[in-house]
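Note that the chains take the letters A, B and C in the order they are written out, and that residue 1 is the start of every chain.
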Amino acid sequence: MSAQFMQYLLTGLTVGAIYALVALGFSIIFNASHVINFAQGEFVMIGGMATVSLVAAGLPYFFAVLLAIAAAALVGLALEKFAIEPARDASVVTLIIITIGASIFLRGLAMVVWDKGFHALRPFTGDTPIAIGGATILPQSLWVLGVTLVIVLVLSWFFGRTLLGKAMLATSHNRLAAQLVGINVRMVLFLSFGLSAALGAIAGILIAPITATSYDIGIMLGLKGFAAAILGGLGSGIGAVVGGLVLGIAETMSAGYLSSAYKDAIAFVIILVVLFFMPSGLFGSRGGERV
Amino acid sequence: MLARLASPRTGGLLALAILIALLPLALPNRYFYDVAILVGLNAIVCVGLNLLIGYAGQISLGHAGFFGLGAYGSAILATRYGWPPLAALLATTLAVALLAYIVGRPILRLKGHYLAMATLGLGIIIFMVLTTEDKFTGGPDGISVVPFSIGGFALQGERIWYWVVGALLLVAVWLALNLIESPAGRALRALHSSEVGAEVVGINAAEHKLMVFVISAVFASVAGSLGAHYSGFVTPAKAAFLHSIELVTMVVFGGLASTYGAVVGAAVLTTLPQLLTSFEDYEMMVFGALMIGTMVFLPRGVVPSIARLLASRRNAVPGDKENSA
Amino acid sequence: MSLLRVDGLEKKFGGVNAVEELSFAIRPGAVFSIIGPNGAGKTTLLNLLTGVYKPSAGRIEFDGHDLTGRAPHEYARHGIARTFQNLQMFFNMSALENVMVGRYMQERCGLLAALLHSPRLARAERACREEAAELMRYVGLQNYLSAASDAMPYGALKRLEIARALATMPKLMLLDEPAAGLNPTEVLELDELIGKLTGRGVTVVLVEHNMRLVMGVSEHILVLDYGRKLAEGPALAVRNDPKVIEAYLGSATTRDGSFGNEVSNAVAVGVEMHR
């Protein structure tokens, strides 16, 4: 394996892990509510930006991170309470506009609270590149991959073993049935937004030391995370992870070997290709309409 | 006679025409004319987009892509290759219609969120191509555009453009209303309500959706071409995701399945940012909050909600129950 | 000469064979009923016969044309109309407009004519309105001519769907449980309406649970069970067929839980048998 290939692979995995976290956020919310949360990317932005300003205000790094995640989770809960819940039974178009409006609002808020510039976050454990098989990887990238792995494991434990997690899964499969067995589906929806926001924030904090953060990084990350979720199959946890990694690798590989100008377009070409040829993605379920 | 006047097609068009004719009396300077022209161009796009979203029940988050293609097509053909602007306009419109036809077929097989994302992807890809192929398109800075001229006579200046755009808006509204009140329009509304119900009475849903998609793309492309000649330059921002969102918001805010609603939506949401420039920093927050607020409190949009309010006042009879859906 | 001919029809959903090796023919002018327990595949069969589902195997021939695998609007164009078990009404339109949509195939106008709204179109629209009103009167909905569809009672909506289906000028009309949710008076009116339809030359296929109605109107009955043909033949023969009796009276409780339905059906059949 050539060193260049290795380099692209490692970079692709790192970026892909971030996409995977964003995609997981999409899937969790989609499962609970069949809403596509266009504001997902903004949680990523909030995570990074909040940490930057908290650290600048003098807080110890670790606490800044925790507080930033909590802040993002609160924003997610507020979003659900004030924007989604009032429009519970609205049409797809309406819900899309609402979450897009929320994303614009949050971006505007970020612009006011912080500023329009780029900010760098200090890496968790220094920035001396590590050599692996002819390629180099930043320590922060290892953090990204490691934390993502841990999160994936924790989430699969949560959804597979805990009562709350199983309740959330049940709601995603059949909302009415879940209600009938006593699951508070509104609480499930509420929590899913908080959880997704936290995931997004973690992604933002992980990536901020590598690519600086600013008030509008949310749009692209959100859209690409969405592409990953669609690729893996909307609503599938494992699909989100696989989709994210595949997208990340595909992006870096094509930027490296084909054209770097269209790197960002890969995600959207993938969206179109997947939707045209296999709309339920790699791991999604096929639905049918009963007439 | 009075009944005819009350119908959307005759009465409404007349009212709109009068409004367009009299508005200049209220416009003090060129800046206001400029805003009015922008409103008109957006309104033309929105009237077409409303056919797709409001009547046919589909969605497009990438319509600015067609607008941008119209703008760049006219710009490049007329400026770089010296084509007569009218020929450039027609050729560009035809090309965009063809693209919409080809891409529309597979895209419109999708529904709901998937359709939304596919159109989003399409719009963004168009935007990226326009930004990246700088040899043709001038890249992120765009290119300048020659004025629109027919037979030596150049359309320049806000006043002339105001009348041109105003007249074209009337034509666009007229065409849209005609379509809606025809069997084809009924077929569209039917397939919006129940696609299978429409299919079993012989309506080819796929064909109808495609037709509306192409028509709305054409409206957007023509508006884009004219906008390019009017402002004298084009940039990729015209095809950006944000512009697509603004257009959808205008349509939904104004009122789905309401042609005049689309015009109102375009008017309000085009002028709003102008009013908000004093709040420059808070503009995005206000815009976002407005989008959320409208959808939560007026999900049908402004014009239908007002119409409903007036109708229920008129019909208010003790014991009369109004069906609110 | 059969109007509709089905050969070896099959429909699989994943591992489930909703319809299996089904073959039958329908002669024009008859009233043909399809009965069977819940889950027997009746609605699936109707969906197959109108192009809503594509068959996994087999052949559907209508009026001499092979329509296997075609789209629903093509079935409609060849003269097959239907109503739905779960009403597929266009609630965003008035009752009259719903029926006007049914006339789509007769009213088709070119795109240019639609965009430019020629005087001819205006006249055609007025005529269409009149025809639709006439159809509504025909099915007994004269009191709802200016009603909004979402303000109509259930029984009226079922008849509206029939009016809409009739507007397509069909040769064959498939009615999916038209008596479901109707009170006995309304069922009698439905019985009469079916008679009117056949009098008009429309061949009617009825999917029904209401055995009294079925026995009252049908010349020919097809019994489905688990997606297969259990019995087929003239009404009298079918209701005396021991296999049919067993399917309704036998292990109904353990099968799909629609015990109540089976009992009432069995009682109805029993009552009929002992007439």
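The working rule: a residue touches a chain if its C-beta (ideal position, glycine included) is under 8 Å from a C-beta of that chain, and two chains touch if they have at least 3 such contacts.
This one's a predicted model, so the numbers in the text were calculated from it and none came from an experiment.
K.L.:
State the chain with the largest centre-to-centre distance from subunit C, centres being mean CA positions.
P.N.:
Comparing chain centres, A lies farthest from subunit C.
K.L.:
Please identify the chain lying most centrally, where each chain is represented by the average of its Cα atoms.
P.N.:
B
K.L.:
What is the distance, in whole Å, between the centres of subunit A and subunit C, each centre taken as the mean of its C-alpha atoms?
P.N.:
Computed value for the inter-centroid distance: 48 Å.
K.L.:
Could you put a whole-Å number on the gap between the CA centroids of subunit B and subunit C?
P.N.:
That pair's centroid distance is 41 Å.
K.L.:
Based only on mean CA positions, could you tell me how far subunit A sits from subunit B in angstrom?
P.N.:
Inter-chain centre distance comes to 32 Å.
K.L.:
Which residue numbers or ranges of subunit C touch two or more of the other chains?
P.N.:
52, 84, 88, in rising order.
K.L.:
Can you list the residues of subunit B that touch 2 or more other chains?
P.N.:
Residue numbers touching two or more other chains: 196.
K.L.:
Quick one: which residues in subunit A touch 2 or more of the other chains?
P.N.:
291
K.L.:
Subunit C touches which residues of subunit B in the complex?
P.N.:
Those in contact with subunit C are residues 9, 175, 178-179, 181-187, 189-190, 192-194, 196-205, 211, 257, 323, 325.
K.L.:
In the complex formed with subunit B, which residues of subunit A make contact?
P.N.:
For subunit A paired with subunit B, touching residues are 34, 36, 82-83, 86-87, 90-98, 100-109, 111-112, 219, 223, 226-227, 230, 234, 261-262, 264-265, 268-269, 271-272, 275-276, 279, 289, 291.
K.L.:
In their shared complex, at which residues does subunit C touch subunit B?
P.N.:
50-52, 71-73, 75-77, 81-82, 84, 88-93, 97, 100-105, 107-109, 111, 113-117, 121, 124-125, 128, 148, 150-151, 164-165, 167-168
K.L.:
Help me check something: in the complex, which residues belonging to subunit B touch subunit A?
P.N.:
53, 59, 61, 106-107, 110, 112-114, 116-118, 120-122, 124-125, 128-129, 132, 196, 241, 245, 248-249, 252, 256, 281-292, 295-296, 299
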